[in-house]
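Each of the next two complexes has chain A plus one more chain, namely chain B in the first and chain C in the second.
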Partner chain A sequence: MEVRSQISMVFHLDKCIGCHTCSIACKNIWTDRKGTEYMWWTNVETKPGTGFPTCWEDQEKFQGGWKAENGKLELRSTSKRKAVTNMFHHPNMPTMDDYYEPWTYKYEDLFNAPEGTDQPTARPISMVSGEYINIEAGPNWDDDLGGSPVYAENDPNLAGLTPEQRAQLSAVERLVFFYFPRICNHCLNPACVAACPSGALHKRGEDGIVLVDQKRCRGWRACIAACPYKKVYYNWFTGKSEKCILCFPRIESGQAPACFHSCVGRIRYLGVLLYDADRLEEIAKKPTDELVEAHRSLILDPSDPQVISAARSCGIHDSVIEVAQESPIYKFVVDWKIALPPHIEYRTLPMLFYVPPLSPVMANQEGDTINHVSSDLFHDIDDSRVPMRFLANLFGAGHERHVRYALRKQKAVRWYRRALTVGDVSMETAERMLHEAGCSVEEAEAIYQLTSLCTFDDRFVIPPAHREEAIAMLEDPLEHKQAVGFGFISNPRRGA
Partner chain B sequence: MGEHFNTGHSFIVLSLALLFQSLVYGQEPAQIFKEKCASCHSIGAGRLVGPDLKDVASRQKREWLVEFIVDPKKKISGGDPYAQKLVSESRGVIMPSLNIESKTAEKLLDYIGEQSRSGSPQGGVGSAVMKPFSGSDVERGRLLFIGAITLANGASACVSCHGAAQAPLLGGGQLGPDLTRVFERLGGRQGLSAWLTAPATPTMSSVFKNRGLTEEEINSLVAYLEDRAKTGREEDPSVATLNFFLLGLGGTVTALVLFETAWRKRFRGVRRALVLSAKKNGEE
Partner chain C sequence: MTYLDMLLFAVLPYAAFLVFFVMTIHRYRAETFTYSSLSSQFLENREHFWGVVPLHYGIITVIAGHLIAFLFPGEILLWNSKPLRLAILEVTALISGLLALLGLLGSLGRRLKGPKLRRVTSINDSVLYALLVFQVASGIYIALFHRWGSSWFAATAAPYLWSLLQFRPDISFLGGLPTIVKLHIVNAYLLIGFFPFTRLVHILVVPNPYLWRKPQVVRWSYGARSRT
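Presenting the complex of A and B:
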């Protein structure tokens, strides 16, 4: 057993209000430089919708992630042979148009325009070329179903829905959408790292954050094609690729990443998980219907004495193990099983999990009152406005049982709290629902606490950075001291 | 091979080779004459491209002759009247610089003097065929010229450097002079055959020194070039340049069309196609 620690995340989609505060917080800190204008390390997408870049989930086009064929795990986008034949042109790279051409406005025209009968206007200009452009798309062009006949109807997750289900998604009175905020998943089996010909991408040993070494990156952009989530971006100005760094400078100083910290809906949770790195390949090769459970089984119980001693022998600090025991992620993913990985079928083993959203059920009108209670308590989970199939495509590799389990449990917790506080539902009914959802009263309370009344410290259980140990993983400090002393980051050189 | 010898062996081999070389060049002006002079000059066998050298010493001063042999171009462009006369006699063909040192030139003059006195004619091409060439000779010459038949000793075909109004599209090579009229320039069968027996200009000699033409090949080529001189018109180099450009342009366009066909299903972005197809569906 090779135990490693991984900073993991849960996004509670039922709480996301789609305000984009996370996106702006991230942009202001990291991507407001030349060459990064179009990057959104964290962004919020509307589902159904095609997201950013357009149709990133369509791997038939973009060839991201891994495929498991003939017992072998292989990248879809590249191989040793393709790395040579596609050396100067990668055929499956999103174009600038698939992201959007970043633009600003020529504001000085508002002040300098000669006097005339018209109001002066500020025409849009490209932030790449500086030329006047016609704005055709943006990173949130389909936000809140804007342009839904074009974008929402082409959501790749609609695959497998009947034409009636598709039609009802945009029907009057049944129109529905939810938000899907995304950052880098800091995967356990990252395709971007595997694809990089320069060895510039790496997964930090101490916390599993995936980073692009800006000194080593040679701009091949293999990572951009390989990442199925399209979360590595090419900086056209520096000629290097960049991605979400999970605000590691903030994490190392005990703060939550900017998008987590600023989240208005408090949907974001962060904590440490311990996992067994020996089983990674075996798990990533599992058939799709076993993937969700298999992925979950990689995560080790940080309270298990056997795991603790193995973790210690793998060099994980006691303080990290303690923090892992408090991890809200472990509760959501392993204990309660209501947080699911996005598109696990890409086989990168993402470490960002989503609590799938409950959506309104069909109401039936009786006289002047609208009744939301159906006779069959759980039947209406399958009757939600967002078809189960759609959520299953997103969070269950096409298999509905994981999503149904998560939604039933959430609904049971709601009814339990409703019985407790409002009292219009009998506690007997609520407890029956909890029982059927496989949830105890204590668990329901805990879910309610961590979902609704959570504080900063509940949501973000950040491990101590232990930079000294992280450095010791790369080189022996005593040897380093003998060679160059402790006063230099890189070796001193005469004349430089 | 040499690398298999140790240093001592190589030294011995090298010394022997140098000794042999000096024997050849030190004692054999006849050999030099054959290699470097005989293609244009005879001694007592009549005029080829250049004048017959029999009793040349009586026509000019020895000093002048040595200077001329060492650097003919300098003498000619220097405006020397006798040199000018020689050029006009050989219809504008200028004697090339043959990298002959003055010491060797002296030896050559001695040799020419000896041969003049002995009376037996030296050089010239006694074997030059005097009967009219047949059509098959001309055709074989053409094939040799354009390289369809490989030259027996492996020299590259004439067409790689010369044109003779024979290839319809691109013409021959542009490196050497056009050979359409060479038959007349070099003085007919005799001159041309002699020239081809041992081409003396620095470029030609380095190419043909060890890969000489056979007698049969020379005859065929002479037949072909004689025919060219009668029927062919010299190529206009600008036409060949234009043809070359047009061929390149056509090739590029063809290649682009082929690439476009082969990779017509390549990835060209997603969003624009999505919007276009949605618009199209909306209009229907």
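Presenting the complex of A and C:
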């Protein structure tokens, strides 16, 4: 058993209000430089919708991620064989048109325009070419456009939905959508790392954060094509790939990443998971319908004495093991099983999990009264306005059982709390629901605590980096005494 | 043999290679970040294919041909002793040269067309395009109008280059060569000397170990502590 620690995440979609504060926090810190204007390391998509870059989930078009065929795991379009044949031109590479051309406005015209009868205007100019452009797309271009025939209707996750279900998603006045915030999943079997010809992309051994070594990156862009989530971006100015770094400088100093910290809906959770790295390939090759369970089985119980001793022998610090025992992620993913990986069928084993949203219900209407209670207490889970099939395509590799389980449990917890605080539901009904959802009263209380009353410290349980100790063991702390004052830090300069 | 010939064929090559080695190594050490293919496929995808692909396949074949003739001149002469084999070699080289020229002009046109691509085209890129176009075009001209260049190369250029390599430059081999061939040689030295200042450095960092490495890469920032 090769135990490794991984900083993992849960996004609770029921709490996301689609305010994009996370995107702005990240943008202001990391991607306000030349060449990165179009990048959104964290972004919030409207579902159903086409996302960013447009239709990133359409792997027929982008050919990202892994495929498992004949017991072999192979990258779909960036395998070693194809790296040779596609060396000079990769046919499935996204271009700026798939994202958008970044722009600003010629604000000085507002002040410099000669006096005249018209109001001066600030025309949009491209941040790439500097010339006037017509804006044809932008970040969040289909924000809140659930039901739109141009955007929502092209969502790849609508595959397999009946015409009635599709119509129901976009029915006027009953239209429904939810938000899907995304960052890099810091996968256990990252396609971007496996595809990088230069070995620039790597996973940090200590915490599993996936990074691009900017000095090793040569701009071959295999990572861009390989990442099925399209969360590695090409800096067109420096000729290097860039991606979410999970704010590792913040994490190392005990702070939550900027998008987590600023999240208004408090939907984001972060903590450590221990996993068995020896079984990665075996798990990534499993048949699609076993993938969700298999992925979960990779995660080790940090309270198990055997796991603890194995972790110690793999060099994991005791303080990290302690933090893993407190991990909110472990509760959501393993204990409660209400957080699911996005598009596990891409086989990258993502370590960002989502609690699927309870959408507005399709109540049964009898005459003028709308009745929410029926003999089958969970009837509205399957009658949700967002069809189960759609959520299953996103979070269950097309299999509904995982999503149904998560939603039933969430609903049972709500009814249990309602019975306690409002009292218009009998406790007997609530307990029956908890029982049917496979949830104990203690578990319901715990879920309620961590989703509704969670403090900052409940949501972010960050492992200590122990940098001081590590560096001390690595080299003599006095090695550079009287020798080096300060290093040169040069700006990254584009090559000739 | 004039002083100019001495300068161009006995001094310039050493100067060019000196600049090449000193500056590529210096650039790699001091400004590692600038080593990149600087691809512009992200900004324009369609014409990229018709420019970049023929350019690369063409130029790699041609350079490999030059290298083989330099390393094995005797074998090339032997191969060329049968007219059919000579024709095969020459036609392959000519087709590769034409592919390279076509690709070069295609990428050049592509860069001139779009405002976005002009934004990522530097002055060094323009100089490089001029040198490359001249180099490839002069090579094709030689292949068409001064035929059987492969035998020439083996008989005159190869011994001349070997004399350079042994630090006993003997430019008498070049005495009877047509001007265009001499220009082709001089331009090659200019390209080698200019190489470290251009995007061509990406050739030096072609990642062959990738083909033999394990798929996942893990780096332990804190060194051996974490490894058992």
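In the analysis below, the second predicted complex is superposed on the first by the 452 of 496 C-alpha atoms of A that agree within 3 Å, B and C clash if a C-alpha of one lies under 4 Å from a C-alpha of the other, contacts with A are read in each partner's own complex, and residues count from 1 in each chain.
Here, a residue touches a chain if its C-beta (ideal position, glycine included) is under 8 Å from a C-beta of that chain, and two chains touch if they have at least 3 such contacts.
If you're wondering where the values come from, they're calculated on a predicted model, not measured in any experiment.
Asks: Should chain B and chain C be called a clash or a fit once both complexes are overlaid on chain A?
Replies: With chain A as the common anchor, chain B and chain C both fit in the superposed model.
Asks: May I ask you to name which of chain B and chain C touches more residues of chain A?
Replies: C
Asks: With the two complexes superposed on chain A, say which partner A:Asp58 touches: chain B (first), chain C (second), both, or neither.
Replies: first
Asks: Answer with first, second, both or neither: which of chain B and chain C does A:Tyr234 touch in the superposed model?
Replies: After superposing on A, A:Tyr234 lies in contact with chain C but is clear of chain B.
Asks: For A:Trp220 in the superposed arrangement: first (chain B), second (chain C), both or neither?
Replies: In the superposed model, A:Trp220 contacts chain C only, not chain B.
Asks: With the two structures laid over each other on chain A, which partner does A:Thr50 touch: chain B (first), chain C (second), both, or neither?
Replies: first
Asks: Applying the document's definition of touch, where does A:Thr95 land relative to chain B and chain C: first, second, both, or neither?
Replies: A:Thr95 contacts both chain B and chain C.
Asks: Considering only C-alpha centres, what angle arises at chain A between the directions to chain B and chain C, nearest 10 degrees?
Replies: For this superposition the angle at chain A equals 10 degrees.
Asks: Identify the partner contact of A:Ser129: answer first if only chain B is touched, second if only chain C is, both if each is, neither if none is.
Replies: second
Asks: After lining up the shared chain so the two structures overlap, which partner does A:Pro149 touch, if you call chain B first and chain C second: first, second, both or neither?
Replies: Only chain B; A:Pro149 stays clear of chain C.
Asks: If you take every C-alpha pair with one atom in chain B and one in chain C, what is the shortest distance in Å after superposing?
Replies: Least C-alpha distance: 6 Å.
Asks: Can you list the residues of chain A that touch chain B in one structure and chain C in the other?
Replies: Touching chain B and chain C on chain A: residues 91, 93-95.
Asks: Provide the residue numbers of chain A that touch chain C in the complex, in ascending order.
Replies: 80, 83-84, 87-91, 93-96, 101, 126, 128-131, 189-190, 193-194, 196-199, 201-206, 214-215, 217-221, 234, 236-240, 280, 313-316, 466-467, 470-471, 473-474, 490, 492-496
Asks: Which chain B residues qualify as touching chain A in the complex?
Replies: That would be residues 266-272, 274-275, 278-279, 282 of chain B.
Asks: Applying the document's contact rule, which stretches of chain C touch chain A when the two form their complex?
Replies: Spelled out, the residues of chain C in touch with chain A are 31-45, 48-49, 52-53, 56-57, 114-116, 118-120, 122, 124-125, 197-199, 201-202, 205, 207, 209-211, 213, 215-228.
Asks: Tell me, which parts of chain A touch chain B in their complex?
Replies: Within the complex, chain A touches chain B at residues 50, 53-55, 58, 61-62, 91-95, 97-98, 136-137, 149-151, 153-154.
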